[in-house]
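Each structure below appears as structure tokens.
Here come two complexes built around subunit A, the first alongside subunit B, the second alongside subunit C.
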Partner chain A sequence: MLRLALRKYRRFAALAIQETLAYRIPYIVNMVSIVVTYAVIFGIWAAVFSGKASVGDYAWAEMKTYLVISLFMSALVSGSSEYRTSRQIRTGNIAIELLRPADYQLSSLSITLGNSLCEGVLVSLACLAFAFATGPGVFPPDALSWALFVVSCLIAIATKFLLVYVFGLACFWTNSLMGISWLRKGLTDFFSGALIPLAFFPGWLMTVADWLPFRNIVWVPAGAFTGRIAGADLARSLAVGVAWVVALWLIARFVWSRAMRKVTIQGG
Partner chain B sequence: MKAINTVWLFFRFLSQNTKIKLEYKLDSFILFVSGAALQALGFLFIAVLFSKVPNIAGWTQWEIIFMLAAIYISEGLVSFAFEGAWQMAFLVNSGEMDRMLLRPVSPVLQILTFTMGIHGIGNMALGAVLLSLSLSHVHVAWTFARVLFIPIFIVSACAIRTAISFAANCSAFWLKSYYNAFPLMVYQMADFAKYPSSIFGKAIESLILFVLPYGFISYVPACWLFGKAWWGIFAWGSPLVALWCCLAARWVFYRGLRRYDGSGN
Partner chain C sequence: MAIIEATGLCKAYESAVKEAGLAGAVKHLFKPEYREINAVRDVNLSIESGETVAYVGPNGAGKSTTIKMLTGILMPSAGTVSVNGMDPYRERMENARRIGVVFGQRTQLWWDIPVRESFTLIRDIYGISAARYRDNLSYLTEVLGLAEFMDMSARKLSLGQRMRADLAVSFLHDPAVVFLDEPTIGLDVAVRERIRAFLARVNRERGATILLTSHDLDDIRDVCERLVIIDHGTVIYDGKLQTLLDLCVRTRTMHLRLASGGDALAAKLDKKANLQTIAHSDCEISVEFDRFALSARDVAALAIESGDVIDFRIDEPDIERVIKNVYEGKLDLAGAGK
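For the complex of A and B:
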């Protein structure tokens, strides 16, 4: 039974990979736009650090590494599934999805994972190029640190997927995804620490960021990689991350069940 | 007479589009709020950054916020009044443009005012707030010329922004696809003009001064106003840059129009 289910969802992921390879342009554009964003961010930080050994308690080598990890995590799960969900809702094609003998949330996750696999290759290349261009950085000291970094990445992917998914479901209530998508992206960029490490935040803003799920997307993986978050601190952060994934999964289920009452109105 | 007619038509189109958008109250509200919230986050980023460093490449916080505000205001106006530029791919590929070519009104006006973006209002409002905040914080010896300069540069900035975005969207005539990514890439280059462009190196600086003159929206005016570089005086040339951009965009449009053959039915 489980094997059958697994095969079913693996098929969704495989289809997503095929689709990405067939329609390369949006996918490449998305990458280019992210690289431009990071060129800007990188330029600003380089200017901030010029002539200084450290800013806050960050050395330039750590900051560079932080930005490369941030680029990696920001590019890994693009908002494409958000647009897929909203398009299906708006065109009414969601009805076909409902007829399929598959769970919508799980199949969306499979598709996102398939996309992430494709993105991962390109993103890793971009990050390597970025890392080479910017010179030496900071690396995890041992195998355990690497393993914990990988775990934090998985949590980050799950968190980002669920946020994108829940925001995408908002289209059951409103017609325009644009505003919602911007808001999600803006909040993610800011509160995940993608643009500026959370350690630079003033106390009150840091507290806000600590209570939001976004920090699991960049701040925790980057901290695990550079060693800024380590030991018991890291264990706690990862546990909180897992708790957020579970909570967001249930929230998504709840929003979906509410949305299902709405879908009959949209249908036609 | 023709000019007055065009202006009158522009406001008619704008008010009709606004009515259409306001029919979708929740959508409009979300767009308005998210537009303003995004800009506020951009401001917050700079505020947090400057809480740790006194200046970036010799620029202070409010000088950079001045540049940010100029970008926001021009971006807001394009979204508010000329959002139609972003519908070019749709108009070309669906053949909707046939309708516009048949009417005895300039197709450029019809395309630009095909729709409007509520979020532009939020952008402009926040941009105006940031602009006045920054001008009250920076140390500028206000002379008559400097005061006169502010409205001139804002109007030019909006024209430059509109022209670039329209010209980039005209690529739809050549790249026949509903998903046209080229204008988005061009749009994103404006990010380099939100900060003192010299920090990105000579190549990028030249790009936003000479190829896509976003620099004349924010960077060059800021250089002049705050006395950052001798060539800041070229900021007075921004109306000319604006005019050049508009003429170039018009030329690109009519070149592209020759390739347009409708959707046929």
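For the complex of A and C:
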């Protein structure tokens, strides 16, 4: 039973990879646009740091690394994953998904993981290029730190997927994605620390960010990588991250069941 | 127990009422108004295993909404549904495993991968065993002629090819019930015939229960024994197609070809009860007669007796016209059907 279920959802992930390969160009364009955005952000931070050894308690080497990790996390769960659910709702093709003996949330997750794998491969190359171009950064000191970084990345992917998914489900009510997607992106970019490390926030705002799930997307993985978040602090952050994933998973289930009750399948 | 059982099935939803123009849009923003739309009202259906049922009605009658409730993707506002003994909405995944669905306007194939791979994906999603998959695939490939486009991606298929592939997809897992929502829409005559033949065959050979909606009356005549007509969300006829025709078509028309003397014969025939000539010339007469009072033989005998008849033919009852009359409320179906 479990074996069949695993095979089923693994096929969804494989499908996502096949589709990415079929649409190589938009996928590469999406990656390039993210890299270009980060080149600009990088330029801004370079200007902020010019002539200074550090800003706040950030040395330039750490800041550079932070930005590369932020780039990495921004590229995962982007592009097609971002719009899949809302597009299916808008076109009514969600009906086809509902006719399959598969759990929609799990199949969406599998597809996102498949996509993330493709995105991860390409953006890793971009990150390496970035790292080489910008000189030495900060790296995890040992295998355990690397392992914890990987764990934080998995939590980040799950968190980002669930946020995208829940915001996508809102389309059942709004029938349009634009506003919702901007809201989600805005909140994510700001409260995850993608644009500005949370350490630069005023105290009260940092407290707000601490209570939100977004920090698990960039701030925690970047901290785990650079060592800014370590030891008991990191363990606590990862535990909270897992708790958020569980909570968001249940919230998504709840939103889905509400949506199904009021769903009107668009078109014939 | 019937394989599909719906009792008092209703679906109502709210539809935004917006006045025209920008002012209307702004007004709706602050004070939204909704109107309740009853897409399906108190539909009762009971379909036995192995039946072939056509679900017919004008656009917007509630056909697709009913299908969506029977397949579990819409929750009914009231009433109960049972398919294969399960509530399709509450047990969506389990139900999905045992039904097949074809939407003429949507495809289940994955757009960018070869058809063959869409099939293996379906195999894994439905957990079809290797042996059963091989058997079913070769059966469907043969009956539907899929071989020629198995290795093409869905987006490159013609509509007819796509539809055949979609049909195959929905039969791969041996569904007990198959719902088809306008499966022949937009297809050419040859493909439509092939699909009808396929549906009739799969019903005969595999015992699949079939419920289809269509505006193409040949689909109904060739595939379905039973006809359910829905209009404004309510079932207005449920019974055999032939019964409906018997009920609604009281008259038949006979066209006679004569050597000569058409006008004289027409005058003579018009004196008889239960028939009347509706057109006549010297060499041709069209007679309409009450088919419950007179048989075609009676009419032919009458004409041959008093005129120089060379040839004759009879128009069969026109399903299309009957159903159109039903839609337009011109026929009283009280007491019709079962």
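As a convention for this text, the second predicted complex is superposed on the first by the 261 of 268 C-alpha atoms of A that agree within 3 Å, B and C clash if a C-alpha of one lies under 4 Å from a C-alpha of the other, contacts with A are read in each partner's own complex, and residues count from 1 in each chain.
Here, contacts are C-beta pairs under 8 Å (C-beta built on N, C-alpha and C of every residue); 3 or more make two chains touch, one makes a residue touch a chain.
Values in this document were obtained by computation on a predicted structure and should not be read as measured data.
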Original post:
Is A:Arg11 in contact with subunit B, with subunit C, with both, or with neither (first, second, both, neither)?
Top reply: second
Original post:
Looking at the overlay, does A:Leu99 come into contact with subunit B only (first), subunit C only (second), both, or neither?
Top reply: second
Subject >> subunit B versus subunit C as contact partner of A:Pro202, first or second or both or neither >> reply: first
Original post:
More residues of subunit A are touched by which chain, subunit B or subunit C?
Top reply: B
Original post:
Just subunit B (first), just subunit C (second), both, or neither: which does A:Val36 touch?
Top reply: first
Subject >> Contact residues of subunit A, present in both the subunit B and the subunit C interface >> reply: none
Original post:
So in the complex, which bits of subunit B are touching subunit A?
Top reply: 24, 26-27, 30-35, 37-38, 41, 44-45, 48-49, 51-53, 56-57, 119, 177, 179, 181, 184-185, 188-189, 191-192, 194-196, 199-201, 204
**OP:** Would you mind writing out the residues of subunit A in touch with subunit C in their complex?
**Re:** 4, 7-8, 11, 15, 18-19, 22-23, 92-93, 95-96, 98-103, 260-265, 267-268
**OP:** Give every residue of subunit C touching subunit A within the complex, in rising order.
**Re:** 13, 64, 68, 71-75, 92-94, 96-97, 99, 101, 103, 105-108, 110, 112-113, 117, 121, 124-127, 153, 181-182
Subject >> Residues of subunit A defined as touching subunit B within the complex >> reply: 25-26, 29, 32-33, 36-37, 39-40, 43-44, 46-48, 50, 55-56, 173-176, 178-180, 182-183, 186-187, 189-190, 195-196, 200-202, 205
